[in-house]
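Below are structures written as structure tokens.
After this come two complexes, each holding chain A, first together with chain B and then together with chain C.
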Partner chain A sequence: MTSQVPTEVMPDGGTRRLSAILGSQSLALLLVLFVLVAFFSLMRPDAFPRIANILNMATDASILLVLAVGGTYVILTGGIDLSINGVLVFSGVIAAQAMVWTGGDNPPTLLVGLVFAMLAGAAWGAVNGFLIAKARIPALIVTLGTMGMSLGSALLITRGIDISDVPDSLVVGIGSGRLMGVPVLVIVTAVIVIAGGLVLAYTRFGRYTYAVGSSPEACRRASINVAGHLLKVYLLAGVLSGVAGYLSLARFATTTLSGHTTDNLQVIAGIVIGGTSLFGGSGGMFGTVVGIIIPVVLLNGFVVLGLPPFWQQVAVGAVLIGAVYFDQLRRRLRDR
Partner chain B sequence: MSTAPLVAFSGISKTFGGVHAVENVSLDLNPGEVLGLLGHNGAGKSTLIKILSGVYPPDAGEIRLSGSPVNIRSTRDAKALGIETIYQNLALSENLDSVANLFLGREITNRFGFMDDEAMEEAARTSLDRMKLRLPSLSKLVASLSGGQRQAVAIARAVHFNARVLIMDEPTAALGPEETAKVGALIRELASQGIGIILISHDIHDVFDLADRLAVMRHGKVVGTTRTADVSKDEVLAMIIAGTLPAGMARRDH
Partner chain C sequence: MSHTTNPGAATAEGPRQTSIVARLGRRLEIRMLGLAIVLAAILSLLSPYFLTTSNLFNILDQSVVIGIVAVGMTFVILIGGIDLSVGSVAGLAGVILGLALREFPIPVAIFLAVATGAFVGLISGVLIAYFGLAAFVVTLGVMAIGRSLCYILSGQQSISDIPDSIQAIVYTDVLGVPTNVIFLVILYLVAWAYLTRTKGGRTIYAIGSNAEAARAAGLSVLFYSVLPYVVSGALSAVAIIFSVAQILSVDPLAGTSWELDAIAAVVIGGASLFGGRGTIIGTLIGVLIMVMIRNGLNLMNVSPYWQGSAIGGIIILALLVERLISARANRR
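Up next is the complex of A and B:
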């Protein structure tokens, strides 16, 4: 019967080796990250590799990473969510508003804020999910629309003026708080990333996310509810945007109405750089973490070196295009 | 009731807006039998098996499984009864490996809700061994498998979950001669284990060497059924094209 020797499947050694390398894009990426860190550390040993600077970078990456956890699920299904930055701001506004109404500066108030942030995010996630999964409107259009709607709603509610009446305990405890020297933001983010990664890799929910992005038809024949799963994935992305909005409120002590305009693109770029395919079905959380961190390290490194930080945007753009090129190359090799 | 056929269609009809896709079809499938279902495009083959697999309800007629009448209202119902269909486009998930595909939608999880990959791989291996089936590596993505290997994964998937009836729509149409032979051997192996198999094809060469019995459809009706051993390819072609029966064969009218 069919050959048992796996090496016979590939036509020749060269092709096999190449596709093995491309297949482990996230490992290659980790190498890129190490090279960058080594380079900046050598150039500025006094500034770059210091604990304070590293924690700075981790904090900078944290809110993007929370968004990217949801974004990874979305992109794995073959979808896209452009609305995350609008939903983030909207949720922050709702949370701030809810805490103002509740009054007080104590844990229950903070909890009310978190719950409202998550509910606000969930509401937009549900709208996205419903329009994409049930009404079958392309995700690009739906989330472009809800990005404007959520951001616009946030501006309407606040009349365009940032709410800066945020409980001190939120700002001090979570925004700039530390636990055994580690920023609370980083700890919260780590928990979310690890949970998101475990669910993605080891649960049915994660597997169906890959399966839906790989072949909706195969899912339907396996009696998997494709529309239902998509709905849940967009709901998850919405809830995480809500959490990110809450963390942003804690970090900046204000609703930052105009502060997140490119978060969605940064997040999508990071996910794609991390090796998750825009075609859906392949990628993972580890790659996303590295893909989000690389641009943060680049920016920090350029600043530390005294280079114009605008170079970061140029570099990230190039890395993004390269990453997608490699993804396509890998697919072509695989599908031959 | 061990003599009852595994599947018995009787008087099955289905129309689509005035088109008689299937008209008063009666047909049997026995356990361990490979039945070739032949006919031109549009003859009604797919419609008939879609009725069996729960995609369409019949307008009239009855299906019995091992003697008892069944009411198949959905593909889920069909699967619960052990009726599995393998489609032309296999509908596997390219980005998942063989084991993940085998268990797609029916993953084994531990008590914490995490998938038990080891248990699934173990079960997959046992199942493949029982079918005398080998795949290069169970952890290879389906995208990198050959057509025959994918076919094997699709079949393994059906059989693993206790299929009694396996419906295959043009199973070897897209395969090369070597792979066709392998899939053929697999089909014979499964039949020897008592599974009833319906092979659908518009090309007699695909099924002639594999099927125990042939049923020919034309314009929604069964022209006739015959043991493969009793006819020549030309006689079967005449049934497909002109609807004429070989000498000495009785037309089935009930």
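Up next is the complex of A and C:
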């Protein structure tokens, strides 16, 4: 048992980094994505492969991607975070409330909103991290509980009525704003995803994340502070959920109390489609990006083709199960 | 490297004898029962209506649907799996029931609904046990597929032309007790007897504790790994039938988030998500705790927005207290 651990956790730098960036099954996935794009483009060359439509899809994927960056770290440690949608809504409410109190419609107000959103997310991340890492309660149960608590708190604060008093400059500047033709939301998301991917692939923090997921026992013996690292990972997921809440506020100009109920499962499905193992220790950010984008492309393509959007869920479910089946086959072949 | 019957507990406690593990398990249930009693005492102090006969029947009535789903979930969690699809499967079975009632008599429609649930469970079970795919992912996929089939089959509308006569399966009183409560009691007795008194039940525990050892011991691991998912699917269908019989309508969104309530109830009842540990009595206590919290909050006119926070908080608190107590017990 102990002999296999070092090779699993820390293979030689080059291949490890390459596989961390590319992920194990992401090339096949990229192929799936290309086939989908080619198919929809051939079916509706007038509507699907348009710049406007592509930017549309990128915008649709952006908030999910921000959540998925944190989610990838969490799942790589072998944990799970179901609370991200509740934390997203809660952070959005806190940010909106903070901006209402500050008043005004200028950059400092927007900054106050962002800081409060991140603090709100960090608070829930700290609760999750403490209960999972220190009290050692299963992550599924902790985050199931904090999902109910964060969503419930958001409803309590707002009394169930969405706060739509959002500064115009936030909605116009970030929500629907563009920089050289590219939506600001997409640029912000791209920066977060790239930073998240680089940290995961090239820093000690990223390496520890893989190591903790591969074998917490081996990490403990290598005197890595496992509980401390888990705490940081859940904190990161919380902060990113806060950022996502802020972006959602900017995009929809309201707190969307009931608009994110399935975000957590969509994000987990995307991460798993992207080849990150729910048992932790293997996967990567590139796969996550492709895994989140495939369902978005499917939905968009179905709408463009005029198919009922409900079939998208059938397709996503099938892709999800197909992806794990493929992963299983690959593992079996490798182990042979 | 001897195979103990309970590796989860064994790693937590070091090499000890099974009898101590069993005694700890028994004490866990007792602790949760204690929590339920304390909760009931607090609620009856806070609200004079809590401890009335009609409200106690109310609590039982409200326990039926989630209680039925939780039995299937207990089976699944005992083998170390998880079933996120129960809510969608229930919704799908409900839609099938509603559509079938337009064409067929009630018993046939009920059979079709339960068969649908069992069939979906069979698919999940085979994908998980035979193809070796992760239960979380497979049932997540089935959850998405099931929910969209609800929309597609129902035409995105509630089905409300349910014949009134179906209410008989809920509201027929036997010695003053409604049939749905009687069904719940019988279901728990049967499930308890199956899990504790039969070879199948012991095989389920064995698989959850150590599937490899169970295989080496010649138990039919594949069959008993698929069975819990079939039971879970079928019972989700049964649960929605009782719910439909009460409200005489099926919504394509019916059953949403049942999986979370059921998992929470099973885990509050002391089952381990790693499998092999948990009891049907514990699950019943978990269900009652969840329903009592909801009922009590409603009686006290607490805003429904508190419910998510309260239930989430109590689940985490229960496990935290449990963890602290068992850590102390283990140190001794």
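Here is the rule we go by: the second predicted complex is superposed on the first by the 304 of 336 C-alpha atoms of A that agree within 3 Å, B and C clash if a C-alpha of one lies under 4 Å from a C-alpha of the other, contacts with A are read in each partner's own complex, and residues count from 1 in each chain.
One rule holds in what follows: a contact is a pair of C-beta atoms (placed from the backbone, for glycine too) under 8 Å apart; a residue touches a chain by one contact, two chains touch by 3 or more.
In this text the structure is predicted, and so the values were computed from the model without any measurement.
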item	value
Which partner reaches more residues of chain A (counting touched residues only), chain B or chain C	C
Partner chain(s) touched by A:T203 [first = chain B, second = chain C, both, neither]	first
Touched partner set for A:L320, first chain B, second chain C, both or neither	second
Which superposed partner A:M180 touches (first chain B, second chain C, both, neither)	neither
Contacts of A:S282 with chain B and chain C, given as first, second, both or neither	first
First, second, both or neither for A:I161, with chain B first and chain C second	neither
Touched partner set for A:I51, first chain B, second chain C, both or neither	neither
First, second, both or neither for A:A218, with chain B first and chain C second	first
Contacts on chain A seen with chain B and repeated with chain C across the two complexes	none
In the complex with chain A, residue positions of chain B that touch it	75-76, 79, 87, 89, 91-96, 100-101, 104-107, 109, 113-115, 132-137, 140-141, 143-146, 148-149, 152, 182, 185-186
Of all residues in chain A, those that touch chain B in their complex	1-6, 8-9, 198, 202-204, 207, 210-211, 213-215, 217-219, 221-224, 281-282, 334-335
Complex contacts: residues of chain C adjacent to chain A	82, 84, 127, 131-134, 136-138, 140-145, 147-149, 151-152, 156, 260, 263-264, 267, 273, 303, 305-313, 315-316, 319-320, 323
Complex contact set, residues of chain A against chain C	80, 131, 135-138, 140-142, 144-149, 151-153, 155-156, 159-160, 265, 268-269, 272, 278-279, 308, 310-314, 316-318, 320-321, 324-325, 328
